[in-house]
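In what follows, a single structure is set out as structure tokens and then discussed.
A, B, C and D are the chain letters, set down in written order, and residue numbers restart from 1 in every chain.
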Amino acid sequence: MAKGTQNKNLDEGNFDFGIIKSETSTDYAQLDLFHRAASPIMLLAQCFAIMPLTGIRRASPRHVHFRFKSVPMIVTVIFMMASSVLTLSMLKFLLNIGVTAKNFVGQVFFTCVQCACILFIDLARRWPPLIRYWTRLELIFTKPPYEVLKRSLSQRVRQPAFILIALSLVEHGLYLSSAIVSYKQRVYYCTENHNATMGVSFDDYIKLNYDYVFILLPYTRFFGIYVLVVNGTCTFIWNYMDLFIMMISRGLAYRFEQISKRICRLEHEDRVPETTFMEIREHYVRMCELLERVDDALSSIILLSCANNLYFVCCQLLNIFNKLRWPINYIYFWYSMLYLVGRTACVFLTAATINDESKSALSVLRRVSSKNWCVEVERLIFQMSTQTVALSGKKFYFLTRRLLFGMAGTIVTYELVLLQFDEPNRRKGLLPLCA
Amino acid sequence: MAKGTQNKNLDEGNFDFGIIKSETSTDYAQLDLFHRAASPIMLLAQCFAIMPLTGIRRASPRHVHFRFKSVPMIVTVIFMMASSVLTLSMLKFLLNIGVTAKNFVGQVFFTCVQCACILFIDLARRWPPLIRYWTRLELIFTKPPYEVLKRSLSQRVRQPAFILIALSLVEHGLYLSSAIVSYKQRVYYCTENHNATMGVSFDDYIKLNYDYVFILLPYTRFFGIYVLVVNGTCTFIWNYMDLFIMMISRGLAYRFEQISKRICRLEHEDRVPETTFMEIREHYVRMCELLERVDDALSSIILLSCANNLYFVCCQLLNIFNKLRWPINYIYFWYSMLYLVGRTACVFLTAATINDESKSALSVLRRVSSKNWCVEVERLIFQMSTQTVALSGKKFYFLTRRLLFGMAGTIVTYELVLLQFDEPNRRKGLLPLCA
Amino acid sequence: MAKGTQNKNLDEGNFDFGIIKSETSTDYAQLDLFHRAASPIMLLAQCFAIMPLTGIRRASPRHVHFRFKSVPMIVTVIFMMASSVLTLSMLKFLLNIGVTAKNFVGQVFFTCVQCACILFIDLARRWPPLIRYWTRLELIFTKPPYEVLKRSLSQRVRQPAFILIALSLVEHGLYLSSAIVSYKQRVYYCTENHNATMGVSFDDYIKLNYDYVFILLPYTRFFGIYVLVVNGTCTFIWNYMDLFIMMISRGLAYRFEQISKRICRLEHEDRVPETTFMEIREHYVRMCELLERVDDALSSIILLSCANNLYFVCCQLLNIFNKLRWPINYIYFWYSMLYLVGRTACVFLTAATINDESKSALSVLRRVSSKNWCVEVERLIFQMSTQTVALSGKKFYFLTRRLLFGMAGTIVTYELVLLQFDEPNRRKGLLPLCA
Amino acid sequence: MAKGTQNKNLDEGNFDFGIIKSETSTDYAQLDLFHRAASPIMLLAQCFAIMPLTGIRRASPRHVHFRFKSVPMIVTVIFMMASSVLTLSMLKFLLNIGVTAKNFVGQVFFTCVQCACILFIDLARRWPPLIRYWTRLELIFTKPPYEVLKRSLSQRVRQPAFILIALSLVEHGLYLSSAIVSYKQRVYYCTENHNATMGVSFDDYIKLNYDYVFILLPYTRFFGIYVLVVNGTCTFIWNYMDLFIMMISRGLAYRFEQISKRICRLEHEDRVPETTFMEIREHYVRMCELLERVDDALSSIILLSCANNLYFVCCQLLNIFNKLRWPINYIYFWYSMLYLVGRTACVFLTAATINDESKSALSVLRRVSSKNWCVEVERLIFQMSTQTVALSGKKFYFLTRRLLFGMAGTIVTYELVLLQFDEPNRRKGLLPLCA
């Protein structure tokens, strides 16, 4: 059952790079590895207190470490404390005025971000051995007979990151614009129509929009800026959860695609030795193992991300027919909703590509002629047919295209039922502006 | 892994018919091919701006081409622009009066048709290589040992087309009758009871029924006719989506049935050589590949068609207890609802026959005696048992009988819940006729 | 692929018993066959116009025939016409007063019975070849190595029949009692309290309870009795649908159990020749084929029965908190509801035993030692693991235990939602008795 | 098909330990067996009238017997009678005041406990042969090559028991505190504000809180204590159902984990003889058979436990926004709800570990190299891939992680719909305290 010595240390997972001297010569900076592809994004995330690791900038994953006493960890802890203040003050605020389905959204948002933060710390703890194992396995795929695919791994991993970050910046900008414009318009309107003399000021704006914070803290300009900064960081983390799942998915799907492509190339060969299939199957099984490990470390975040996305999508869809006061509110609402639905769909679809790619060679394998048929091909077909190769939410569900269909169906049915009966509430219209 | 030279060019997909001189002698007009069977219907559809291809009339698929500069493409573009006007004017109309679940139906209808039009252009672009690949594969099934089935492919493909077109014409006729009779009755009634002096005229009828158009366009008799024509064309396209899926399904299911029949005939033979099973399995795998390709090109349309059908079925079912004013309204409503439910069920069931036929030989293969048992039979059984051979909606779901059951169950539950609570609304009765 | 000559004529399905002279000596009356077990029940059903066949009383299925010109067929046609009158008069009645969810129940009942009647005629047409094929196959299982199970086939088939008929008689009796007592109490109460002078008479009772009939027919005593008789017959047919499915299921499950038992006995043998497994697999495959045929003939009735049962269960469950006037109404309502739920569960569970039994030998086969392992065992295990051996509703769903769980879940959720919101209606109380 | 003589008597299930003299020397007290691990908990349960068996204290399962004439059985019967009084008096009470969804909870609680009691008697009847079979099979796993896992079986089985009992004691304590504080506060408040002169007394407290009992029984101090004792015992039984399922699950999952661990150790061996895999597969199949037997005996209790848990979780979740009067009520409500949801999740998750563990060796088996590949490994992989190894609710559903996901999804959707519409009821506030 031993799989030869050359891969032996792979099995140990947490192996030490230092021991194998011959490996030190590998120039990681030249290779198209997941660690290299993801590191800029992960560095950026560290500025927002996510995944406190050291040595991410270095080319070799050997230098990646998790230490409780390190700069990123301190940043994370500070942010955790800062955001706890907001979470607690909102909780106190809600308990005062009474919780309803509508005002619960903010609480969920902050709690989600706090949980994400903790889960990312846990992930950071498991990351160094995982990324070393991953990188070692990836070395196989950087050499022939595996080819580099049309768009390189780096491009594939970074592309969704850049797009998502850009879109989320727009979203946050629109959120701020919407809040500021609403505030200004209100002041102008009330001054004119009700003879109230209110000036437009930064302090007033903060006090009005983040009133819940200042039942726990006294208002000062410093705390005003502090609230804005923490809020922005929370939004980043809230987006990064999904982004990280997408990057991981791209990284894994790329390797499965390489295996598929190699199998496809065999199709035109007349005589394929059994050892080739043996090797392919071994690599396929190794990739499945890697996926298993990644899933083990990541699935809490997946579970949180899914629950979070479904909750916010449902909330937004329910408000779809609500009347809003200013055009900028409509623009923000619709952009935000489309962004949210799009992001959710993207996470699911990107994660589902792992499953798609893992099965894509099946049609070629089914065409293997009698001449080339062997036990290894049979085993590979059986495994591909019966195993669900996909990221999962704690094994409760697997992220496949079918799941997305089921969830979409449930959401649509649920929304249709609620929209039908929510009509009386929607007709009520807007509350008076200057109360 | 090579499957012999005689089928090699099949694998290239977009192969050029011209190179293989020996093939030019094939008299396509005499053969029972899908291209021949579907071409009259596709020609008709081109008159309604769908799938702008040239050379469809020709017997050989070699002459089918997609060109941006061609007559059908011009027709399509003109229609797209013409219908955009209606779509936009309805959108503007809705934004003015406020969107509700009830008045949203028209917007969905026009948007669906526009999307269908674009998807069919995309399909047209992929069609020439696809139909050539398909035809080349079909040549295998026109020769022994494959037999012509009881009803030929042409009959099977064209039959649902003729029936559906006839029924949709009746539907559209009833729709017009219902609208005209309602208009006339209203004029008579209001003239009599309210001393209003209104004359019955074509212009008035158009203005009243398509009021949304004329907030964007000025009313002239030309625009009146234009609205009617575009409306009619839209209805055709709306029906053609389903029709096309049915034709494709029939075409594919026919070939799977031929394979099944061939396997069934083997049952009574004493000794079947392994090469026979090898050949059958190869043909089966090829058909699966064809299905994969067709599904790849068609599944956007399938997704649109399903969403569209489910939406309209739900809408119609919700109005089932509504009070209507004139008998012709009831006739139209019930015909229209039964037509819609029937069409939806037909599309699903016809598409599901592919899945049914692909598995139908399984019971015969299970009876293969030990004497004839070989790896090829085992592989064929395994593939038939584990692979879902069916058209899909972008791989989110597969069109099988079980899916239809699940969907029907969901719709029924949903309708039951809504009908139970919609009762107060339904009791309200009709609005005054002459307001 | 030939399976030897001794079973050849089995494959032809509609084979003629007369030709095989040697078979005529078989004493069918002595054998424990499904035809013999079910014939008394089927004879009884013929008195209620179901399955118009001739020769059912005869021991050999060779004498069973379907003829359009026969006594049972005449009975059926007369009943169909008689019940049509009731169906149509109820339809007219409903169109007059307006259809609601509550008064729709009667119409569904009559339409179901009419459909069942037609479906049973269609089944009768296919029955003679089916029962001959079935009987021929059953002869295998009446001889060693197959053993007679603890309770014979006849007992198993007839037992649910007797119980169901007895319970349905009680149900119908309670229905009549409930109606009569309500009528009498009402007359007494109204005479006393409102000084109305009403006498208790058979004619009045009929006119009041079956008022819908007499908008189409004039009231005479003859028509009164006619209504009672047709109503009773309809109730019988409504119950017989389920009963028939249960009898068929028992008949098929018995044979699968015999195969399982035979496999279980092999467990203690040291050395089992491959030919034994070959024979067992052949019989298993044959049983699957029989099931396929039976399912083909029966699945329309299954679909109707399921839809019918689910509809009535939902209706009854919704009325669970309704206030009723007299104790006998409560007794009838609760008996009727429990009877309905019990009957529905029984049909599903009995049908699911086929699926259970078909898989029950799997655990024994998995223990087959390496010594006895052969291709035949592998094939048998593969078939048992991957094939869904069960009766189906037109292949839309298979009657397995899991389906029952899913359906029960859906019904419970649906009922919970509805009960929650139906409370205001339920509080209204009873209408005045003498209006 | 015989599996050698050394395990032969295992197959007989109800074999007599006495006959095999050599076995009597086995020192059961030293071994880590399920019987030893569970017996203290089962002894405790017997004090609360559950599973009336004799000889549980003895080390060897040979001494475990079920006798109708025994002390535990008498305890059980007495409790059954005592609790019947409460059940019946509550039923009478409900019929008097009218059943609603809200006041139905108590009735469900008592009925559940009564059913559980009966099901545990039935289980006790089947327990002696089952535990003997189980113990005999476990002996295999106490010897090499099987290793003792990190935490021993006893620890694993007893740990959830201790935690659950502790938490349930807290729950019951809070329930009593909540009731007593509410009672006292009410008396103080009403005396002060309404000049009513009420004293705080044990008798009054009982009369008020268990009013339904005293419409059937006269109030005496004895009956007051009797009500408290029976109530406490009912609560224990209500918790024990879940506890017992968890213990069984842990016991079975432990053995599957041992098999997995053994397979994992093989991974590093160069050459594994086929006989090793043969032995492993045999043990795996035996464990599956044991699971089958346990499931057969236990699945009624599982079904009851699931239905019970889902009902109470739904009930509690619906009351989540209700207003309560005193802080202790909130503390009790929230503790009780979290405890209930946590317990339900724990039962499902613990039961699902059997399924998880049974598949966990699959990834190692997939890596078996060509050199070691043999029919036995193929069979083992096929069985692990296709068989659902899990406890079930009467085979209607299997307790796997996916089921939990499906159920959670259904509950959440259902709650969301109900909460949305229940808002008007929730706003009503509290009833006047001193009515």
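Basically, a contact is a pair of C-beta atoms (placed from the backbone, for glycine too) under 8 Å apart; a residue touches a chain by one contact, two chains touch by 3 or more.
These numbers were taken from a predicted model, which means no experiment stands behind them.
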Steps needed, at minimum, to go from chain A to chain C via contacts: 2
Same vs different contact residues, chain A with chain B, by half of numbers used: different
Chain at maximum distance from chain D, centres defined as averaged CA atoms: B
Equivalent-chain rotation between chain C and chain B, CA atoms, steps of 5 degrees: 90
Averaged-CA centre spacing for the pair chain D and chain C, given as whole angstrom: 38
Centre-of-Cα separation between chain D and chain B, whole angstrom: 53
Touching two or more other chains - residue numbers and ranges from chain D: 382, 386, 417, 421
All chain pairs that touch each other: A-B, A-D, B-C, C-D
Interfacial residue positions of chain C with respect to chain B in the complex: 1-3, 11, 99-101, 274, 278, 282, 285, 288-289, 292, 314, 375-376, 379, 382-383, 386-387, 393-397, 410, 414, 417-418, 421-422
Residues on chain C engaged by chain D in the complex (per definition of touch): 266-270, 272, 321, 356, 362-363, 366-373, 381-382, 385-386, 401-402, 404-405, 408-409, 413, 416-417, 419-421, 423
